[in-house]
Structures are given as structure tokens and as C-alpha cells.
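Once you've had a glance at the structure underneath, I'll fire off some questions.
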Amino acid sequence: MNKVYNNAEEAIHDITNGDIIMLGGFGLCGIPENCISALEKKGVNELTCISNNAGVDDFGIGLLLKKKQLKKMIASYVGENEEFERQLLSGELEVELIPQGTLASRCMASGYGMPAIFTPAGVGTEVAEGKESRIFHGKEYLLEYAFEADFALVKAWKGDRFGNLIYRGTARNFNPLMAMAGNITIAEVEELVEPGELDPNEIHTPGIYVHRIFQGTNYEKRIEQRTVRN
Amino acid sequence: MNKVYNNAEEAIHDITNGDIIMLGGFGLCGIPENCISALEKKGVNELTCISNNAGVDDFGIGLLLKKKQLKKMIASYVGENEEFERQLLSGELEVELIPQGTLASRCMASGYGMPAIFTPAGVGTEVAEGKESRIFHGKEYLLEYAFEADFALVKAWKGDRFGNLIYRGTARNFNPLMAMAGNITIAEVEELVEPGELDPNEIHTPGIYVHRIFQGTNYEKRIEQRTVRN
Amino acid sequence: MLDKNQIAQRIARELKDGYYVNLGIGIPTLVANYIPDGITVTLQSENGLLGMGPFPLKGKEDADLINAGKQTITTLPGSAFFDSAVSFGMIRAGKVDLTVLGAMEVSDAGDIASWKIPGKLVKGMGGAMDLVASAKNIIVAMMHTNSKGESKLLSQCKLPLTGIKCVKKIVTNLAVIEITERGFVLLEKAPGVTVDEIRNATVGKLIIEGDIPEMLI
Amino acid sequence: MLDKNQIAQRIARELKDGYYVNLGIGIPTLVANYIPDGITVTLQSENGLLGMGPFPLKGKEDADLINAGKQTITTLPGSAFFDSAVSFGMIRAGKVDLTVLGAMEVSDAGDIASWKIPGKLVKGMGGAMDLVASAKNIIVAMMHTNSKGESKLLSQCKLPLTGIKCVKKIVTNLAVIEITERGFVLLEKAPGVTVDEIRNATVGKLIIEGDIPEMLI
């Protein structure tokens, strides 16, 4: 069993035009920086990206947008990105905006082998248009389907050669959910360790979900809104 | 905000006849020993218990069975318990056996605010009788409803005054799921610590789910099948 | 008339000991600065944190520690991190006691519009639709009128909805209003504001019963 | 004819490098003793552990560390603990490559009965129904006949079912049998066992094509 790859280029070698990929992260926090750079470099196109945000103009998924590598973006919030706005308004980019909890749950559903889930988010709004709904205990819920993705690209703090992952702080966010959901899950970690170095009680993502792992390099970990107190 | 109780008796003081209670644990591993003893001592009756197992004759939920405190048991596996067998055959005890993953998912659904989930477990068997089913991607799934419980009684390794919990080893099992699902969740812990002593990155159950917490005493932690190698 | 900080200050008076609270971006975020002494209120950040602390000291910013507005923050003793599914799970399951969020429009039936202005940029709903569909207690913090002077308290929202029949209370620069089955019920007026001014600034059905006290902030 | 350990040994030959495997109680548990050298197989215990190790040394038993049969066990470097929902989530999502479990009866359509004998004590299905409904690859390990000498390989199960059309392969004391749309296909016979003996011990539709090799264990 060898899940270890040398770098992002090798780990993403078989992502091809038209693939559906999930990318972990919230804003620029916990995003798979190395994988995104490798996708940009590889020049793979017509991608459908499932990610909470679309990065900023010059970082994160914004890099792929700039190179027009995306066909469709499925996200919950896409502010702070002028190129995104331009492509959306010009019709170059297909966009599906869905509630953040629905996004999380549809990833989770996939990882838990549940084909669909019920959520009240979006009932009575345009999000509900064309969707099946159902009343439970007097409250209306929408039926939302599990996501299917060819690849999930996630970023963890530490990982071992078996693919066990530990995230750090709020960089966890969507990463464990997407890690569970990918047909092929590729994890990049700040620190790759030997099996046994991580406490089995503290693992966030068991290795069974992770097909490929590599230690990333040159993490920028850019801060989107640097706020301090006096 | 004070969630800390002195002991099990005080923590369970308002559990009353006819209540639905969830009890964490798998076999005798990770069961809320102190709470069970307190329920036995209090003599509360007509309980519906949701728990993976029913304990053994003289330990765990078996103690409540012996005193005939249960009206109904919802479990996935109830072997190794003669009193259980006797009450089941005599009709004294109502029993609902459900697949273990369905039990886990119905607890989880409750904690995640999802009124129902779909699972393929039990399709084509007597478990499916009278249940709604649905085909997704050519495979049949049963619709299973979230559990509702008046109280969830869980056992953790460490907990802090805010209710944050960490479990140990396979004593985790159903505990975090039930902790999320109780209308009132009572956690007993081997070690009760101050907020800040647990690493926020290692918390298994965030305190928001836990209404009451106490440090248990005299843990027996009985081993059901002691097996060793040479 | 209240300024943004005073709106936040008034809302903070709604907090109770032991509350778990989700604060939206904008005025709601300011509520954290006015939590009354002597009570414990735990802030939930929907990107995966319970027990959000203040902004970090300069030089202590951590890229792995942000709030839902992407701002650098800190933890507090007793904080817990979790993933986004758990986060919205606890929201859906009604574990969050109070949600405070901003809005573009609120109707007298409790509908809220806050995420989209057709024809202009759509930023997305983020977690707002989940929050309003699930929270037990939703307070909207906003100005009573928009930049053109038009009322934001309507009989029906004109903008795309974020959720329906969910807002319980509104605190604006002019008033505290409860939403009931009968419509907007005026509870309190801001210092220096008359009931007539509130009536004139409200398009939805406004119910004024008895003497309206001036709010304490 | 094979004994229980030999059945386990034969099944172990189905293991491939990198497999995640769930072993049921009884003969399946013995498979862990025969994992071929040079490959990494990770055992999943559905009570919440990946990377199950051998039984502990005497005096090292830990009440917080058991397998699905409630036996004391150990972890291995690279193990991970998780809750029961995650455990069955990974099972339902098809992440477990192979499930080996015992059975009372198997039909030539791949139905399995393993959890209940009406009129006698019902112990419950535990995780078996979840496993058989979700696993991609299910091998049944059992004796070819029951204690009364009656075949356990039937055209239709008589006992209450655990799952339908799910068993892919059966390894018994007499034979290795694959289940196809046409019925039981005899792949291998146990050392010292004739095809006729297998035919006589099988009630369901048995397909015998060409020379049947003797199994390697």
C-alpha cells in the first residue's frame, strides 16, 4: 500500500478536462494551495469546482478562474472576486449558489453513503425552485442530493503515510467532509509523518478515505481579512 | 452558565417514568455506569432505552432489566443476557431490533437536525416491513427517521465545565452521536477539567450539545470478552 | 436615533447566561463587544468554532484561525473546533439559542431578504439560509431605512428571500420591533425618536399599543 | 475437507495489498491470522477502529479497546478511532473493500440469512445488515452443511434474511463457490473432496463447468 506521492503535480496527474473536483477550505483558510497551483500549471480545463468560496482574484480558486479553467462553480459565497463577477455576468461561467450548510451536508452525505438528505435551508426561496420538498413534524424540508466528485482535493495540517489526517483550527471546515466524498481523494499536508506518530484518538479523517497524500511546499496561507485589536 | 452536577443522582434527578433515554456504549465499553446505577437506585420505570446493546445480566442496562424498569428496548444486538431473553419471550419487554448502522445514523440525524435519512440496510428483510423505500441510482434505500430522546446519557474520558468531551479508544462508539441527539444530554466523565485544559482541536463533542456534566466515580469498566495472545 | 454600535448594544441586552449565539457580519459582529458582565455567552462561528474570542494582538494573527467573515480571531479557554457539517448540524438541530444577522428587507410576516440584488453582483447566501431556516430565535440588526430613505420593514419583501416567517425581532436605529402573527409590534423607540417617525419609516403593518417606552441601551 | 482455520486461510488468499477489510465474528476473525506477507491489509472494526491489531498480551488488556465481538484487542501504528456513524458511513460509502462474514444460509441468488432463528433466541443483526447492504465484495465463510447435515447453500433461504443479492463468494469446508446470475458456480474443491460430494451437499443451483481444481491454501 503506497499512497505517498512526491508532489502535487504527480498527485493530480490524472485529473482531466471536464472533471468534477471538490476543493476544501473556507475563504483562503485551509485551501489545497499546492494542488491548485498544479492544476493551474497543468492547464486542465472545463472543470466543475465544488468549494465554499471561489478564492480571491490572485489566489486560491481565483487562479483557475483567471486562466478560464472552470466551466462551473458550485459554492455558497463568492464575494471579493472581480474576475468571478466578470465571468458570471458574461455567461462564461456557470454558477450554482447553494446554502453553506447544504453544501456541507451534500458532501457529508456522499461520504456517509447516503444518497440524499433533508434540510430546511432555502425553503420558500429561489433555492427551493424545482426541488422536492417534504413536511416532517409540521416543518418543510428540501431533498438535497449527495455530491459526486471525481476528485477531492483537501489540505490538512498533519498526515501519515496511511492517509490519516489532522486539521488545525478553523482550517478544518469542509476538508474532512470532502475527503470522505471524493472518488479519489488527494490530501496535501504541511507535515507528512510515519504511521504511529499521530494519536489514533485525535485523527479527524481516517486513512480509508484518502487515496493519495503528499507533503506540500511553500505554503503561503494568505490571510484574507487581517484584523487585530489594540 | 453552570452545567456541572455533583454526581449521577443529581444529574438524572428529573428523569421520570415513561421517558425515552439513549445510553452510549458498545457492549460494556463506554457505557454511562454511574448514570445507570443512579437510574436503578432511583427506581424510575417504564423507560424506553435506545442503546446498541442491553448489557449483561448483572451489569450495564442489564441492571435495569433485572429490576424491570424498561418498557421497551431499541437495540441492534442483545446476546449474552438471559433476563433479556426471559422478558422478551414472556412479552414483558417490547423489543425493536434495528441494524447497527441505522441505529447510529438515526442518532446522528437527530443531532444534525435531519428528520430522516436513507440507508440500504435491511432492504429485502423483515426490517423493511412497513417502511417507505426509494430507489436512488438503481439501488433501494429505506427511509429511517431521526430518534427523539428525552435524555441522552453518555460516558466520556475527559470533559470540561463547558461540556466539551473527549472519548478514549473504542469507548467512543455511540457516545458522540447520542450526545448530539438528546433533548437533555448528561455526560459522565472520568476526569472533569477546567475550560482550556482540553485542546480545542481534539474535542470530539463540542459543549453546546451537553447540558449537564459530572465526574463519575468507581468506574468498573468491565471487560466482556477478555482475550489475550501468548 | 441609534448608531450601529448602539444597535449592537441594545441587542446585547437580549443575551442570557448560557446562550450560544451566532453573530452575522456587520452590525451583528459588534454585539460581541457588549456582552453583559456576569453572564457566559458562547459565540458560534459557522466555519467551525464554538467559543470565539476577540481579534488577536498584532503579530499574533493565525491564518488557520478565522471567523465566518474571514477575519483573524482568537479562541478562548473552552473553545472547540469542528467541521462545517457539524457546525450546520448544530444550527439545524436548534442548539444555537440566538442568531443575529443583518438584512436588506424584512416583511411583517417575518420573511427576510439579505443575499442578492438582482442585476447587481450576487455574492451568495453563505450560511444565512441555513441559519434563518433553523434558528429558534432570530434578531435582525439593521438600519430602519436604506440609503435612499426607503423603509426596509415592508409588507412583502421585494428582493429574493433568504427565508420565510423566521425573524422574531428587529432592532433598528429607530426602534425595537417584535414580529407576531399580527405584524410588526412596536416594543421600544430609540432615544429622541417619536412614534410618528417610526410609523413613517415603516411600510409593513405596524401595531402600536399603549405607551411605547424609550429603549434602554 | 477444510477445518475452520483452513477456511480462513483460503479466504486470506483473496486479500490484496491496500485492502480495507471487515471481518465478522467466528471463522472470519481467523482470517486475520493468515494475511499474506508483503501486503498491507487494514482491518476495520465497526465499533470504531481502523487498523485493528492482535489480542493484547496478558495484563495489557484495555477496557476501552475492544473489537465488534467485544474482545480485547490492540491498535497498530497508523490506527484511527471514530464513532459508529462514521464507521457505518464508510461501510455504506463503499470504502471497505472486502467483508467476510458467517452465515446460517446462503441462496444461489446471493441472499444471506445469519441473524435470527424464529422461535429460538434472537440476538439481533448487529452490523451485519449494514455490511451486506453496502459492501462491494462479500465473502461468506461457513460450513457447507449445518449440524444436522443439511445444506446451507439453498435455492431460497428459509430463515429470515440479513440481506438480498449481496454475497459474491462462499468458502466452505468443501468448496470455493462464486455466486453469479446463473447460480452457484463451483470454482475450487477442498483437498480430498470430490465434485459429487459437493453436489450432494448443495441444494441450490450448482454449476460445474470443466475440471474443478483443488484449492490452494
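A, B, C and D are the chain letters, set down in written order, and residue numbers restart from 1 in every chain.
One rule holds in what follows: contacts are C-beta pairs under 8 Å (C-beta built on N, C-alpha and C of every residue); 3 or more make two chains touch, one makes a residue touch a chain.
This structure is a prediction, so every number in the text was calculated from the model and none was measured.
Participant: Quick one: point me to the chain whose Cα centre is farthest from that of chain D.
Facilitator: So the farthest one, by centre of C-alpha atoms, is C.
Participant: Averaging over Cα atoms per chain, report the distance between chain B and chain C in Å.
Facilitator: Measuring from centre to centre gives 36 Å for this pair.
Participant: I'd like the Å distance between the centres of chain C and chain D, where a centre is the mean of that chain's Cα atoms.
Facilitator: It comes to 56 Å between the two C-alpha centres.
Participant: For chain A and chain C, let me know how many angstrom lie between their CA-based centres, rounded off.
Facilitator: 28
Participant: Would you please write down the residue numbers of chain A that are in contact with two or more other chains?
Facilitator: Expected reply: 105, 112-114, 119-120, 167-169, 200-201.
Participant: Multi-chain contacts in chain D: which residues touch at least two other chains?
Facilitator: Within chain D, residues 49, 75, 81-82, 85, 89, 91-92, 134 contact more than one other chain.
Participant: Which chain pairs here would you call touching?
Facilitator: Those chain pairs satisfying the definition are A-B, A-C, A-D, B-C, B-D.
Participant: Considering only the defined contacts, which chain B positions touch chain A in the complex?
Facilitator: So the residues of chain B touching chain A come out as 105, 112-120, 136-137, 139, 141, 166-169, 200-202.
Participant: Which positions of chain D touch chain B when the two form their complex?
Facilitator: 45-49, 54-58, 60-67, 69-73, 75, 81-85, 87-89, 91-92, 111, 121-130, 133-134, 160-165
Participant: If we count contacts the way the header does, which residues on chain A are in touch with chain C in the complex?
Facilitator: Touching chain C: residues 26-30, 52, 75-79, 85, 88, 97-105, 107-108, 119-127, 157, 167-177, 204, 221-229 of chain A.
Participant: For the complex, give me every residue of chain B touching chain C.
Facilitator: Interface residues on chain B, with respect to chain C: 1, 110-114, 160-162, 164, 180, 194-196, 200-201, 203, 206-209.
Participant: Going by the contact rule set out above, which residues of chain D touch chain A in the complex?
Facilitator: That would be residues 17-18, 20, 39-40, 42, 44, 49-51, 75-82, 85-86, 89-96, 134 of chain D.
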